[in-house]
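Multiple structures are listed underneath, in structure tokens.
Below, chain A partners chain B and then partners chain C, in two separate complexes.
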Partner chain A sequence: MAIGLKVMKRPGTQVSYLRATLKGMALTFSHLWRPKVTMQYPEEKSSKDWTLSPRWRGTHRMLTDEQGRAKCVACGLCPQICPANCIKLVPGEDEHGNRYPLIYEIDEFRCVFCGYCQEVCPEEAIHVGVHYENAEYSRDRFVYDLERLCAQTHPVSTLWDPSDPKGE
Partner chain B sequence: MSKRTIAVELATPGLDPQGRPARIPLEAGVGALERYGEPDAGEHMLINIGPQHPATHGVLRLVVELDGETVVRVIPHVGYLHSGFEKLGEYRHYNQIIPLTDRTDYLSPMANNVGFALAAEQLMGIEITPRCTVLRVIACEMSRIISHMVWLGTTSIDLGAFTPFLWAFQERERIYNLQEMWTGARLTTSVTRVGGMMADVTDDFVAGLRQFVDTYPKTLHEIDRVLTRNAVWVGRTQGVGVMTAQEAVNYSLSGPMLRASGVPYDMRRDKPYLAYDSYEFDVPVGEHGDVYDRYLVRLEECHQSNRILRQALERLPDGPLNIGDPRLILPPKSRAMSDMEAMIYHFKQVMEGVKAPVGEAYVGIENPKGELGTYLVSDGTAKPVRWRIRPPSFINLAALPKMAEGHLLSDLIAINASVDIVMGEVDR
Partner chain C sequence: MANDVVNLTIDGMPVSVPPGTLLIEAAKQAGVLVPHYCYHPGLPVAGLCRMCLVQVEKAPKLQIACATPVAEGMVVDTQSEQAKSARMGVLELLLINHPLDCPICDQAGECELQDFTFQEGRPATRYSPDYAKRFNPVEDFGPDVLYVPNRCILCTRCVRFMEDVTKEPVLNVSERGDRAYIGIHPEARLDHPWAGNVVDLCPVGSLLSKDFLHKARAWELDKTASVCTGCSQGCNVTLDTRDNVVVRVRPRPNLDVNRYFICDHGRLNYRWMNRGDRIEAPLVKRAGAELQAVDWDEALARAATVLRGAGGRTVALASPKLSTEALFLTRELFAGLDWTGAVQIVMGEEAPLAGVPNLALRPERAPNGTAAQLLGYSRDYAAALKAAESAAVVLVLDEPEVTIRTAGALIYLGTVLPDGARDAEVVLPIANVAEEEGSFVNRDGRVQRYFQAKPAPGMARPAWWVLAELLTALGRGESLAGPDAAFDRLARSVGAFAGLSYASIGALGKPVNTAVPATA
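On to the complex of A and B.
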């Protein structure tokens, strides 16, 4: 049978307190010469073992077109899919009949950073971003309006993006 | 009070570690009050441990009745972290529920995602692709390793050994980095979708996991060296919190708790899902059912998970990740943006969700903490009428009063740690 059973026998002998302590100390000291795994965070933001993944799902960013307008066409998919109900969208229409968002707000406190909004957006407008330092002085600054979302400059997650074909 | 004894034939677990068929009698449950009567406030002392106590591993409150330093009884109070996940799920599409499952057992988020997706797929009658199956096995086993590492670290801290904690958390950190590479989040992974996965793994991920699989056993051996034969560790754990095989079955324990008591029952072996029966691994079982055996079993499970990960990496097939049916799963983004038909499916699916046929589904998977069951009832709409989780650590926790009875207060900490509870799942 491929899946076996293994009865866990107890070791017959046990080592004394003193020997256990000395052995443990010896092993612990040998770790002193291993490569270090910690990072001095605010000074160092990445190390050779770790950099923030390009797929990171962080605070949002709205991409803009060449004229600097949000790419969003107010299709209403992202408020619909959002499991936390944190996107507020009021659609408007301009004189050519193009839809655009009158109000587009994301409450970053309610958001669960699932990335579904990016997954469903047919215009590649809203994105979750590769960014994690979000401290602010007041709570109301965490409701990101359209202007703020467009003004973000951090890179966006490569999930569900043609640049990462495996992430689609 | 007379105890009713019902002899039952258990499906596959009816084997003892020697491989002989065993019948395990079931007993009717006895409540705490019937068993001990009212608390004896005059002689005994009542103390509260928790809900804000590091040794209770979360917001668990234990009301302990002490006679001197001996525990007369323990009553666990739960519910401080109740979030109503199951109710919230009734107002969400199947795919929208997946972020909620991350947050139940938050020490093994990927395995919960898989459990839910399997149940939803059973409900809808979806067959997943071979690549997806293997990736889900990888997700489950990675979860098992991190969950056991957290268990090992926190338990060793509770019992006064600080160093293994650091080593265990280093390894956990490496898996978290891999999860981040794959899903873009370290903890709230939401990695599955009904009928597939959120994203495929990158080549970096596969290389990283290979490297992890090769170097991880070294840490396990080091932990083994400092703990397994250490007199302090042995003294604190052997003979503490014993559950016999019969009691373990009667308390409906599952996972390492059950196996440490000598009942060789593992969902991966006995009700295989995700083609687990085609992998080669051993199910560790203990002989004594005490805290020490639970430690041995969990440590060995880490080795076995590592073995499964290695085999899964070897067999990882190419081919499509998601099922091809655009009515059930979102088509790839680039197609949805260029092809009108795919676009229509995309809109329809997001706005209306995927409708499941009327019916119900139950899928149990072997989570790190025991059998995680997901039960879904559908009335034919895109949202479940009822979503119920069978939380393994909640049910394992119910055995705590039985195990702690008659032990010292300091042993209560060891016993509580050995249950491996996670309050997100206990309270849901």
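On to the complex of A and C.
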């Protein structure tokens, strides 16, 4: 059975493409006056129409007390709950005999940003952050130690609140 | 037989127990754990926490299960509305001043206050959030014990332990009412050799071990049944491991040996199990060279060659920390040869636990001296060392402080490589007590099994495996499938162990057949 073919005829003589070009450019230039849908990202990070959700879960931040010390008491719940096993915690004592993390490291590459660590923390110390700019020059910089976690300044996630599911 | 048992009903379940049994123990037989704080089976009954209130039919008031003996035809309801609300009330009072510091409390996860509050406590406090809880600073009670008064629920288990079990009453309940706390004699320290048990007895995190402080959380620990290697008493213990590191030793109840207690010597005698400087591969001496790492086949073949060529006297210097199986297989290795076997037993001071008969930290600081004796090893280590000088083959089993001078060939089986063993022809790495399964015979002739708590490093193998393979290489006997097979071989050829097997020994041990010769 023959296959139905539609044979296009090329223009037999030389024709001008000018009209078609102008038509195309007219469409292009008409976009210049339409409303913008993009954001000028590095200069502009949020706008009236769009901001990062307060429930965004990004790289971590450790909150500190008035003396600037991490609020963490090394209870061990976050490494326990962490599904990605990305938190390393070695508990110890500080100079006042209080329980305190000697080592607290989060491997942000392993992290799946589920936010369980923030949810489980009894001291409201570890939080996932509303933050997404994480570029580094070397891979090992992605293991955040306690000092670095405390030095983060970005806002922290509000997570999803079951008693207020729509965030009102 | 009618007088030998009392029949009663607990939560609808018929139970038969001997007369005089306490209700709380009878309830355990019915599978009901009545919440309790002051009651502990190893201590005299105090009946002061009022946590174990249960309803007994026809009794006018709720009864405390820990101080009520069973009676014929008793009908007990532990879950009646009245009993539950009474216990909830007790918990509410206990929690008034108990700090909410579970995240930093070492007891969290194995805390009876936590458990019973979750089981039947009130979900929320009725106190205002502004109520300032009672606060007292942490006290240092003794070498290994810290007292956190805030967490104390005044069950007085520690007080009764020191008073009735150690017979050294240095603790009491000081002050009254809501100011009460556990006080220590102003001139005394909690430094009795068995004082560490108060940490285990404490149902909450009020008495803490300094050794274990902040080291691990209860839910991270893997628990393995084992036997203490501290002395010849052979107390049953549990090894708590975290990431294959032994972090704590706790007593494992065995009414025939150590009841519910272990001494501080045994409690702290675990660090050597985590040594990092272990031999991880078999080593053999090549001509004119240092020891070199080889695989098991080559090392065993070399050791077999050395043993096969042994003409004359042979000496085995064994550690009394070796399993009975390893001691037996060593003896098998020298069967038919002129051999001397000896163990070196370090002696120390005896530290009895006054309130428990036949329980002490024994002077003989080795777990398996009795088995060595039953298997014909001598205790005259000096004589054996002297004999080793002129021996053709000397086999040393895990004696880290060994300094051997010998004209013959030296084979060393050990966990670590001491300088004295660097002249050995063959060095075979073996597992230590936490890394293998085996058995010890305690001073009363009780065979007790211990289990593997963590993997052995590198290529190290249990001593019974190494020795059985060596026997196989010599053409005597077959490879053994496991430590149970090693024990079966022992039971077949040594009368004292006849009829025993791993299955019949179980977790709590069995006495050997022959009377154990008394040691000096």
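As a working rule, the second predicted complex is superposed on the first by the 120 of 168 C-alpha atoms of A that agree within 3 Å, B and C clash if a C-alpha of one lies under 4 Å from a C-alpha of the other, contacts with A are read in each partner's own complex, and residues count from 1 in each chain.
What we mean here is this: a residue touches a chain if its C-beta (ideal position, glycine included) is under 8 Å from a C-beta of that chain, and two chains touch if they have at least 3 such contacts.
Given the structure is predicted, the values throughout are model-derived calculations rather than measurements.
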Chain B versus chain C as contact partner of A:R55, first or second or both or neither: first
Partner chain in contact with A:A20 - chain B first, chain C second, else both or neither: first
Superposed model, chain A: greater residue contact from chain B or chain C: B
Contacts of A:L77 with chain B and chain C, given as first, second, both or neither: both
Partner chain in contact with A:L159 - chain B first, chain C second, else both or neither: first
Which of chain B and chain C A:P122 touches, first, second, both or neither: both
Contacts of A:G92 with chain B and chain C, given as first, second, both or neither: second
Intersection of the chain A residues that touch chain B with those that touch chain C: 75-77, 80, 122
Residues of chain A defined as touching chain B within the complex: 2-11, 13-17, 20, 23-24, 27-28, 37, 49-50, 52-53, 55-57, 75-77, 80-81, 83-84, 112-116, 119-120, 122, 124, 128, 157, 159-162, 164, 166-168
In the complex, chain A residues that touch chain C: 73-77, 80, 91-93, 97-99, 122-123
Residues of chain C that touch chain A when the two form their complex: 102-104, 108, 138, 213-215, 217, 219-220
Chain B residues within the chain A interface of the complex: 17, 19, 92-93, 95-100, 163, 170, 173, 177, 180-185, 188, 190, 198-202, 222, 225-226, 228-234, 238, 264, 268-269, 276-288, 292-293, 296-297, 300, 330, 332-334, 336-337, 343, 346-347, 350-351
